[in-house]
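Down below are the structures I want you to see.
Each of the next two complexes has subunit A plus one more chain, namely subunit B in the first and subunit C in the second.
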Partner chain A sequence: MSSWLTRPITTRLRAGMEWFDDRTGATELLHKGLYEAVPKKGGWAYALGSATLALILLQLFTGIFLLLDYVPSVNEAYNSLDYLRSSDAFGAWVRGLHLWGSYTLIFVIGLHMLRTFLSASYKRPRELNWVSGAVLFFLVLGLAITGAMLPWDQAAYWTSVVVTNIPHYIPFIGDGIRKLLRGGDFVGPITLTRTFAIHVWVLPFLMFSLIGAHLYLLRRHGEFGAWVNYDTDPGEDEEKQIGERIRHAEPPYPAKRIGRRYAAPRETVPFFPNQLFKDVALSTVLVAVIFVMGLISGAPLDGPSNPATLSYVPTPEWFFLPLDQFLVVAPTNPLIAIAIFGVIGLGAALMVLLPFIDRSPERRPLRRPEVIIPALFMAFTVIFFAVLGINRLYNL
Partner chain B sequence: MNAHLLLDSLSPVSGSILTNGVVVAVVILLHIQIATFITGSTTLAAVSEAISMARGDDRHERLGHMLLKSWVYLFGFGSATAIFFVVFVLSGLWAIFWTALQQITFWVLVFEAAMFLVEIALVYSMYANWERLRAHRRARLGLLVLLTITLWWQMFLIDVVASFMLTPNGGDVNLLNQVLNPTQLPLTIHRTIGNLAWSGAVLAFVGAFNYLRLTRRSGAPQPDAPAAMRPLRSVGAMAVGHLEAERRRTEILHWEWVTQWGVLWAVALTLLQPWVGYSYAKEIQLHAYSAWYTMMFGDLSNVFLLQIFLLGSVFVLGSLYFWRRMNRSGAPRARRQLFLAIVLILLTLLAVQPAWFAPTYADTVAAGLNRPWWQGGLLNPIGNFIPFKASALIGMVLFGLWSVTSYATALSRGHIKPGGSGRGAQRAALLLGVVISMMMLVMGVIREHSRQPYLINGEITLHQQITNTAPSVPSLQQSQP
Partner chain C sequence: MKELSRRDLMIRGTGLGMGLVGVMLSVPAIGFLLSPLFTKQRTAWVTVGVIDDIPVNTPTPLVAQVPVGTGYPTPPVPRVVYVVKKPSGETLALSNICTHMQCDVHWDPALGNFLCPCHGGLYDIDGKNVGGPPPQPLAQWNKRFHSDAQGRTVLEIENVLDESI
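Coming up: the complex of A and B.
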């Protein structure tokens, strides 16, 4: 004990690190994390995934700060946020960060999915990466809509009324689901506490579990992009080329064979510093934009909720405009909801199950019209409904 | 000049509403067919130029040049009809209405006119320098993109005027409200897509016509067989007969490709129209109910049925074209296209049922049957906006999408052999062009008549009486006798 105390501080720190490393294997883990091979090309596009993770973490941190003041009760929710806005030095900014963080997150996760779709990165053996990512996308949307219901101002109250009423149109079980969400026949105190629990516990628990799985699968199979040439050179001995490639491949490769193609890029670089720099740079820029927007624009807070009002017109968040417009153009017959749920449910199912539908080895977009054309059609529909939604709100 | 004199001078040239309306219909429908083709085909030309640059595909470059020449030929005639329309038809026969409209939408029309100047400068510059610009492909592409943007704005601005006439909604006192009136964006999107589909249909028609002309006597060339040879005299190492036959064969292949390119654009873009058209109709329902009722249930509902029939015909003809091409090429799953054509025919028949064939929602309520079908009611699961039609339209879109996707997949996999088209497919494409042209005519008739008895909905009647006494049409209101 005494000799340990008399040794120089650096020696003592090193010894401490060795002790820690011996017990945890931290250095090996760090090395594995930093020096894995990633494709040389397409690094900026891959940075969208890390940016998504960074934004989720930002939401977590700003959410924790908001929790310090927010009171999930119909009598206090609005007042607590009003206090945050008017009396807390950084309260309005933190709310702004949380709001603009959520907007940016939805946008970036959408871009990340688009990149994955266009490059066909969801194909074997990365099917489960896609499935977990697609479910994460829906969880983020769920967090966004439940978050919009929490301030319990006019906008939040009427959003709660509209959103919790949607399941009512599902035959047989719709009324039960609505009652479950509302905690009764009408929106009230239990609705808020349930929404709060879903927003801060249920959805984050599911989300972080899936993020863990997503990252594990990512590291297991490595990054993948269509613009990397996976084909062997024509005219040369294919088996020889494959042998060479496997010999030189770094973890998480060697290549996995998919028919006559190989799931490993030709040229790889270590994750650190190449990809890590891009990841950090993009995430920093996005977070900086969010900080500025949070400061300039903040987050709106309407007047306190008033269930008796007849003049208030609820307007959806921008990312729900297509869905809202879909409901508007649907005929007034409540049974149209079956078609809506059918169409949206089918669209969501097709999205999640995409890797099991598109099983061809083709990866270039022009070689995959069987998925690209329907996807373009769906994308057009979503954008078109969003534009019409804006148009409708302008002309209210 | 006092206000009364001014208004007297605006009195229209004598004529009946019917004859004046017919003159408008003839001139404007002719103008629209030309203007929309030029607007839509600029996008196709820009796409072709980009593909030609990226892949070195000469077919696309030739197509782009052909389109440019067609604009030059058509632009003069199209402009002449527009000038005739404004100077004689509107200023002469519909003077009060036109003066009011021009005053209300003054700035929109000023920018519209400015766009014409840009269009003229771009089209003729490119026409004069097409070959010279071959050495500067990016510049040529840039000019085409600029022209596309210009013409899109031109259409956007004229849509402001057209949609304002249907849903003014305060746009006569607020320019932003005028530009973003409730039906403006739906109409613009509807027309943007329609213009592209129409341009594709024109290409399909022209390609099919040329193919049929070239193969009138000898039939289609076999995909892998050498061209028919008839040596007459020699030119260098090649007999003239060989040369002519080879040139003819190249021409046939080119026009066959043009037809295919046009059909794909026409059918694929039309697939979006049920969504877009339905949403447009919904905005009309929300903001100009009487016009919507006239179209869907009133005097124009039968004309609308014709429109729906033509819409279904586009998908049917498209899948027949695809079937013939796939079948003749021996592509796998060619029979699926035939199955899709049959399904699309059935869906078209379902969609063209007159509205009174099925009970309306009001009838259903009156009969006490406004319950879901599983509770013994009569409610249509797909809604009561003209029962059964919504479901038929959704079906048309989905099966049409399947048809286009199947063909595109076969094409991308190399299952469609060039030269293996056959005349049957070309006849379907020819008909497709005619059908889409008719759709545009019918849609024009529906749109213009739905507002009746108004020219500007709720503000100026067909008899050019100003009915709205609100702050609209301010300058004219003060001078009303």
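Coming up: the complex of A and C.
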């Protein structure tokens, strides 16, 4: 009989774990993951990033479950979800989770961007964290709008018609883009299958690749820390203080002094349990809200799509209301259309390329009026259009 | 001419192989993606209904069962055709697709206009765009009339369909 079997169980377990660790390096990986130094201040604000990730994973999870029932065909899509609503209470709940998860995700990813913008965390060397994050934001909006088209009820059908018609106003290539989105000149069966493929494969594939890059860059550079962490004690040599701080900071902060903007935060704590507790706390609250809203409010389903309606009033999802209101006021003259697509494209480009525009080491919001004022102006415009849109929908 | 080393041959071969795989995969895939661009349109006549009882100057919605016009065969969908009889004796067959974003417009008797619920586009009784964002008048269907067995006038419209080429 082998001596391995006669040894006490704890010894055998330990030997088994050592065998596994030898072959995988699991302990080292876990240690790296859990004991990274993170800034002591601002921990609750950083929890927005992990909450965004948690909500995206929730969308993946609930989305896969919706595929148990949903059929991406103009003849079946509505019926499959109507069946869910009428005959499968848990299925309807999962669909509610997916809808409220998307609402919460858009809200939280917005807050995460706002936090990053205010604390100027996009500055060197974290430019690409911002770029990947901004593209992720647009991918989430793309997922939201394609998702809204899938139920093929009245709301989904008219969303498909309006959304795929927008590119038509781009001169020269607009009609071609509309054809590619619709699978032809008209909204029809191929519109739904293409939208489904984009929602379920194309955008998630791009998104999870970029999330990988986003997290890799986060681990490479570490959290920047709130700007207050970088203040130094008056009366003491600033250069020396920052030098001391770098010496005591743990990776991933740079071991080499490269100026104030590369410095480590004043105080750091291990990720586990300090930051992880805050991350889990925020995500738990958000998932609990989605859990409850998904059950009591669920996801709406209008009547089946009807291209011959005389009474249905299509209304956009709340997060696209400002853009929808923009369609009301935007002139449709082709030359003006060029200008408008140019302005919107430029706005999106400025947003993605922000780190290459605001490159000074200054991080305090009040000392960066050159980016804060345009951002306030953009935020004001979006809110203004949202208010106009709400007003219009109430007066219908 | 410089002699090709074993190493250079492998580097070039790797690049050539990857390039070939890229071309072999992208030609059919991109062609498939772009296939909706290579369609031409054909038309087919669709019966809308009897128009004898429609009063003058009262836009009246008739529902026609119209082929979708795009993609694999699916059942026809209902489409509204607004029939407007003018005092002059002319009959218009107006599309109710808004020229702004293609929502369904409806006749609003209180306003005396066609109204689009999406973005507030307005058209007059002839389908001319008179307010809001629409850039063009409502489309008029190509139409023809025939008499049925009871001697009533039946409206037909010429529906446009995509056809693969």
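In this text, the second predicted complex is superposed on the first by the 351 of 396 C-alpha atoms of A that agree within 3 Å, B and C clash if a C-alpha of one lies under 4 Å from a C-alpha of the other, contacts with A are read in each partner's own complex, and residues count from 1 in each chain.
In the analysis below, a residue touches a chain if its C-beta (ideal position, glycine included) is under 8 Å from a C-beta of that chain, and two chains touch if they have at least 3 such contacts.
The shown structure was predicted, so the numbers you read here are calculated from the model rather than taken from an experiment.
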{"item": "Partner chain(s) touched by A:Ala330 [first = subunit B, second = subunit C, both, neither]", "value": "both"}
{"item": "First (subunit B), second (subunit C), both or neither touched by A:Trp19", "value": "neither"}
{"item": "Which superposed partner A:Trp158 touches (first subunit B, second subunit C, both, neither)", "value": "second"}
{"item": "Partner chain in contact with A:Tyr394 - subunit B first, subunit C second, else both or neither", "value": "first"}
{"item": "Subunit B versus subunit C as contact partner of A:Ala308, first or second or both or neither", "value": "second"}
{"item": "First, second, both or neither for A:Pro374, with subunit B first and subunit C second", "value": "first"}
{"item": "Subunit B versus subunit C, judged by how many residues of subunit A each one touches", "value": "C"}
{"item": "Common interface positions of subunit A, toward subunit B and toward subunit C", "value": "328-333, 392"}
{"item": "Subunit A residues within the subunit C interface of the complex", "value": "74-75, 158, 161-162, 165-166, 176, 179-180, 182-191, 306-314, 324, 327-333, 392, 396"}
{"item": "Residues of subunit C defined as touching subunit A within the complex", "value": "33-34, 36-37, 39, 41, 61, 63, 68-72, 74-75, 77-80, 96, 100-104, 106, 117-120, 132-135, 160, 162"}
{"item": "Interfacial residue positions of subunit B with respect to subunit A in the complex", "value": "169, 180-182, 184-186, 189, 268, 271-272, 275-276, 278-279, 282-283, 287, 361, 372, 374, 379-385, 390, 394, 401, 404-406, 408-409, 411-412"}
{"item": "Contacting residues of subunit A [partner subunit B, same complex]", "value": "171, 325, 328-333, 335-336, 338-339, 366-370, 373-374, 377, 380-381, 384-385, 387-388, 391-392, 394-395"}
